[in-house]
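You will see two complexes here that share subunit A, one where it goes with subunit B and one where it goes with subunit C.
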Partner chain A sequence: MILYDFDYERPGTLQEAMSLLRNSGVDARLLAGGTDLLPNMRVQNLKPALLISLGAIAPMPPQAGEDGSIRIDALSRLADLENSDFIRREIPLLAESAHAVGGNQIRQSATLGGNLCQETRCLHLNQEHDYQFAAPCYKRGGDCCYPYPGNKPGSCWSVYMSDTAPALIALGAEVEILGEEGTRSVPAERLFSGNALTPLLIARSEMIRSLIVPAAPAGFGWGYHKSTLRGGLEFAMANMAVTLRLEDDGETCAAARIVVGAVSEGPLRASSAERKLVGKALTAELLSEAADDASDEINPLPHHGFTRNYLRENIRVYLRRTLTAALERASGGII
Partner chain B sequence: MSELNFVGKSFKRKDGPDKVTGRAVYSEDVKLPGTLIGRILRSPHPHARIVGIDTSKARALPGVKGVITVEDTKGVKHGFVETPRYPADQEVLARGKVVHVGEEIAAVAAVDAITAQRALALIEVEYEILPAVFDAERAMDPSAPEIHPSHPKVKEEYANIGGKSEGGWGDVERGFAESHYVREDRFESQVRTHGYLESQVTLAHWEGDKLNVWTSSMGNFVKRAKLAKTLDLPYSAVRIHKTYVGGTFGGKIDLFSHEYCAARLSILTGRPVRIVASREEIFSAFRHAQPLIVEVKTGVKKDGTILAQQMRVINDAGAYRGSGVVVVFLAWGFTMAPYRCPNLKYEGFSVYTNYSVRAPQRGHGCPKVRFAIESQLDMIAEALGIDPIAIRLRNARQPGEELPNGDNVHNGNLPACIRMAAEKSELLKKYGQARKTPQTGHLRRGIGIGISAYFGGSLVYPNSSGVMVKMNDDGSAIVLTGAIDVGQGSETIIAQIVAEELAVGMDDVKLISSDTDATPQDIGAWVSGMTYITGNAARQAAGNAREKLIQVAAEQMKVPVEDLWVENKEVFNRRHPEQRMSYAQVFAASVATRRGDTIVGEGFWRTMRDEPTHPSLATTKGRWTENYAFSAQVAEVEVDIETGEAKLVKAYTVHDCGFPINPALVKGQVDGQVSMALGHAFLEEVLTKNGYTLNPNWLDYRMPTIHNMAASEDADVITEEYRVGQPYRTKEVGEGLVSGILAAMGNAVYDATGVRLYSTPFAPDRILDGLKKLQLKQAAEIRETTTEMQWSQP
Partner chain C sequence: MNHLHSQAAEDAAGQAHNGSKRRSRCIALNINGELHEITVQPRKMLIEVIRETVGLTGTKGSCLSGTCGACTVLLSGRPVLSCITLAVECEGKEIRTVEDLAQGGKLNALQEAFLDQGAVQCGFCTPGMLMSATALLERHEKPSLAQIKKGLEGNLCRCTGYNAIVDAVLQVSDQGVLPVMK
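Right, the complex of A and B next:
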């Protein structure tokens, strides 16, 4: 139960919704699937005075552009993406990452845009504070960050845990953002500030309208893994998305993207590990070294009871396996 | 009775249709007009003196109908244990100080939830923060902050001791001296919660002279006694109604503050008051299970025979006594029951810490004790070069064996369980393979065994169950039983027993259950005794009704009673089977000729009928149980040696549950316990920091889901021995099977990896750390060998 008063609007068009968002004069939030916003309101981590439901606005089906890129409406339900034959065929990495989210009921409601706009998470942040903790944590308006060693004031050690964001970054997707001035477009990886207090570089008067995923080039391979303890119905210990492109020789790496999420304020690219691969013939040893490099390069925040050391190990092993799967796909081994 | 028609058969559950169609009424579904919403103000500090409470602003808020603090109570304390040695120790609301985060300080009743929430924010409490302690061993240190004074009868110089249990026999020092091999190990466990899906919910309605209560419970007569006592009402003024209950697992016994508060607020406002605990409240302020530190020293002969065992158990019992002193008593029982041990010395301390109070949880300490002993026994076996089956068979108690406390295991057959478990799982063929033969890939399989013994229906208030069987004039029957079906299937079992004894159909038996006004007293669903105690009371009651029917029929048919028997709702003459009367006819005759006797059968049962009272929690003297259920369980696990991730792949359970009244329900209990144990082994842990719960939700406290389930096979031994003549010699099957399998999983992880884990859960980082240490050790050994070889060269 959400134990405070707030207003609720359900506009029929996107224009009305955006107008309400800009002009309501109160702290307003867009409500899409609600699977992240409502639980955060329930524990009073977020307390918008107005909810603008997008429930009356139907998402457009995925559309292929002339250049082979695919536009996906941000209001698309995760379940619709993971179950769409078109998406599974054209962007299997996105389907896989959408499938990794929560459980089926969550995915039937949650949207892709909402998944990207989710609140950061921390054992201290996303729970009721009415008697838990003598004072709220820093992100909730208090003075200190509880998980930060020594409760350092002015910090926030919460992590951004979207399962789809690493996939979109690895795919090189563009994000179309609807705002006062019309639509602007940014690469997915530029969506993130690296600051857990305001993890997304989106103004409160803006909304993510669609995602544009470029066409998969020849020699393309992908890998995705979500590390969890339970294997479902949970946020990730770490998640990782990898894309590789091979030269025509079928061996040499033309391009690589390695993205690790859920262990920092935003998804992280392992750039030096990527560079290590590009231009080289990909062997098991090289992929293993790249995974080691990426694991060293990425400095995971200890979160949700997982230690930094263990997260590093887990990322090291699963990145190697994920890279291996990507290479197999790129060289036609598995689809 | 020659042929069994109802008991021993897997009838469908009586409550099944209601539950799967959503018709089942749980406490939260009971609606009364004018109901107020109650909420509890909880302490934000783990340890603090309450300097003052000002409720005036909350009382003045429109819509607030009642506010209570401890000043509005009768000041009657309650406790899980209430004995002369361990008197009630807990107020229903905090008085003077709070001792854990979430402790109840005040309660409000308001017209709706938001008003109640606002009222809570208006209650001003001034605290003086006190130092707190969150580690049981630190809390024992005389210099630690004092939560409560140590129990006066505990002689050791320890602080914060809520109680101590001691037990044993023989001379352990001599036993160790005579031993060929002695080892000492220490095991620890995490805090786990019960994970009942239905929240803690109470609706209370005071009607001037009667308090009606609907509450999520596992023992309505216990609830009634404690509510009446703390409210200073006669038992007859308190009625706990039957509702369906969505799981308990030990976590809903005893009185909870919100139950008292709902009742008191209803008395004060004259309106029904409902309090529903949020899941966060359940995780951060309600009761979890006890984490134990178990130190065990064992001495054995060369052949593995146990000569002496010394146990020291430390229980982090939380901020009040709770069931803490019971766990340290039970840990003695779980130690001594399965294996012969000529010299035993046991001591267990229940220690106060600034955590929420602890409750029993399915197994009540047994998993932690068996994890320790069974792990160590495998280490001993390996050191002696004996296999895990042989060492267990060497020490297992035999049928008919008398225990040093005066109990007898009767025909409980642990050796048969061990042998069958070994055979079915092919343990000896598989054991050690992962460590002996060269392996490829990153997955390792391992197999391990653990055994356990559990009690059934021990003496605890209210100590006995009564059942009444009322005949209807059409020959069907109504059963009045206080038994509460919390999902274990008691209503189905009782119906089967009555149908059997009375020779009527399952649909002819209707139950009125767990209503403290309408049904006889019952032990409740919490000492693993319902099928045995209430089941036998039901047998007696149905038998009593049958005798009355036969008596009346004998008069009518002019046939000696001995010649008559019953089948298909008829009494018939065994010598002339065509001569028979329907129950309806017998009933009519009874009313006509026996001054209106409507034929009501009565039955009752109590365990250990000649034992005056329960055993001493402090000295362990006195008998514990007449129902030892033994089990042997084998686990096969798979470990990813690169990530440390481990899972249960297959479980084999061989148990001696006595006669299974309903084999499908027995199977359900087995599978449920295996799944609960795998949560204990690999997933679940209540994370805390400074007394605050960090993962108070289903997301971050990971209960296993359907995808984590493992294949589970089970078999019962010696069932056939019971079938003839003893179809009601039932034993325990609802709690004991969370233990051996936990130990088996620990032993299987070792078998797969060579990593011995001394604490639960078997988390990936722990396994990985263990693997790394092993690698370092092996590398050092190789270096040593190489150096030796170099030196030995001429």
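Right, the complex of A and C next:
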């Protein structure tokens, strides 16, 4: 049970949901799968006065556009994406990243939009606070930080742990957002502010409507990895998504995206490592150097007991393997 | 046959303060094929309604934060966590709990397989395990070892070490595992 009363609406259409969101005059939140929002309300990290359920609005099935891009409804359940033959065939990187989230029951309820809009996390924050007798930390409106008391005042190091966001950024996906002035569209990597106190650049009166993933070009390859302790029902230590595109010669890199998540206030692109690859013939050595560079460039925040040095090494090793898998796929080695 | 189970009197007492009366909603929940009309505040989780209002205590609550799987029920065929699902979200859906598995007082084949393999020790995770396994077997007649492990990944067990549970699913799907208990 949630320890305070709130109002609940269950609109039948998106228009109604948007008008409730805009006009309710109270702190209102959209309720999609609820798997992030409700646990946060239970520990009173969030106390919205009104929940606007999206449960009565059925998501549209993924649709291919004329330019080969694929539109995915933000209300799609992660389990439906990972189990969809269409998504597995056309956007396997997205299927893989959806499959990495939580456990099966979580993925059956959780939506893609909710996954992107999840709250940041830290070992202190995601606890029951009601019997801790602890003053609230910065993230909860207070004036201290428990795990990192030596930090600059006001700075919060909670991390953004979405497993799908790095994949969507690596794919170059666009996010379609419904707001007061109609629809706007931004690249997935521009959703993030880099400030853990307000991690998302989406207004509370806005809603993610869909994700548009461009068609995979010729010579395209991808890799994905989520580092965990147990391998299931667990948030990431670090997650990483890579996409590569090879020139017609089958070895020169035409484009590269390297994205690392769960170690910062939002997913990070390793831009200088990406630049190192573009225009070069991709060899095992070069990929290994790029992984080294990326792990230096990323500068992970320590989180959930993992030190910065450990995370750096984790990223270095798994990024090398992820890049290798992407190259093998791009050159037709593995499917 | 639909039984109507009214609970208005019970709730009236709880609604006297905090304006929660205004917020309470009357909903009809289909649980194991029976329709229950209940008045419920939006803040109530499905597990509370199942256990406390309807009185089906087979479903267990443990972590209450979605991390252990003990409270798994099937919601229109999907295994979901009743501890992080609002009851008001479940109207119009078919809810199945562990009580729905045995028929006419007789355990079903999956439950028997759990007994045959010694897949139950303290028993607290068992209802959730059974519901996750039921959903898995409804999708895959003969799930592979990898599919079983992935299908049960959201259910934690602190006693059995999992192997017996995996074996029970292999046994009931006729994949060459024989009962170890007689």
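The rule we apply is simple: the second predicted complex is superposed on the first by the 331 of 335 C-alpha atoms of A that agree within 3 Å, B and C clash if a C-alpha of one lies under 4 Å from a C-alpha of the other, contacts with A are read in each partner's own complex, and residues count from 1 in each chain.
By our rule, a contact is a pair of C-beta atoms (placed from the backbone, for glycine too) under 8 Å apart; a residue touches a chain by one contact, two chains touch by 3 or more.
No experiment lies behind these values; they were computed from the predicted model shown.
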item: Partner chain(s) touched by A:Thr324 [first = subunit B, second = subunit C, both, neither]; value: neither
item: Subunit B versus subunit C as contact partner of A:Asp5, first or second or both or neither; value: both
item: Which superposed partner A:Asn239 touches (first subunit B, second subunit C, both, neither); value: neither
item: Which superposed partner A:Ser264 touches (first subunit B, second subunit C, both, neither); value: neither
item: First (subunit B), second (subunit C), both or neither touched by A:Ser158; value: neither
item: Which superposed partner A:Gln105 touches (first subunit B, second subunit C, both, neither); value: second
item: Which of subunit B and subunit C A:His304 touches, first, second, both or neither; value: first
item: Which superposed partner A:Leu229 touches (first subunit B, second subunit C, both, neither); value: first
item: Common interface residues of subunit A - those touching subunit B in one complex and subunit C in the other; value: 1, 3-5, 43, 232-233
item: Subunit A-touching residues of subunit B, taken from the complex the two chains share; value: 41-45, 101-102, 113-114, 117, 120-121, 278, 280, 284-285, 642-644, 682-683, 685, 687, 689, 692-700, 702, 704-705, 707-708, 763-765, 768
item: Touching residues on subunit C, where the partner in the complex is subunit A; value: 18-20, 23, 25, 41-45, 48, 64-67, 69, 72, 78-81, 84-86, 88-89, 132, 135, 149-156
item: Contact set on subunit A toward subunit C in their complex; value: 1-8, 10, 31, 34-35, 38-39, 42-43, 51, 53, 55, 79, 102-106, 108-109, 232-233
item: Subunit B partner contacts - residues on subunit A that touch it in the complex; value: 1, 3-5, 43, 123-124, 127-128, 130-134, 146, 227, 229-235, 304-307, 309-310, 313-314, 317-318
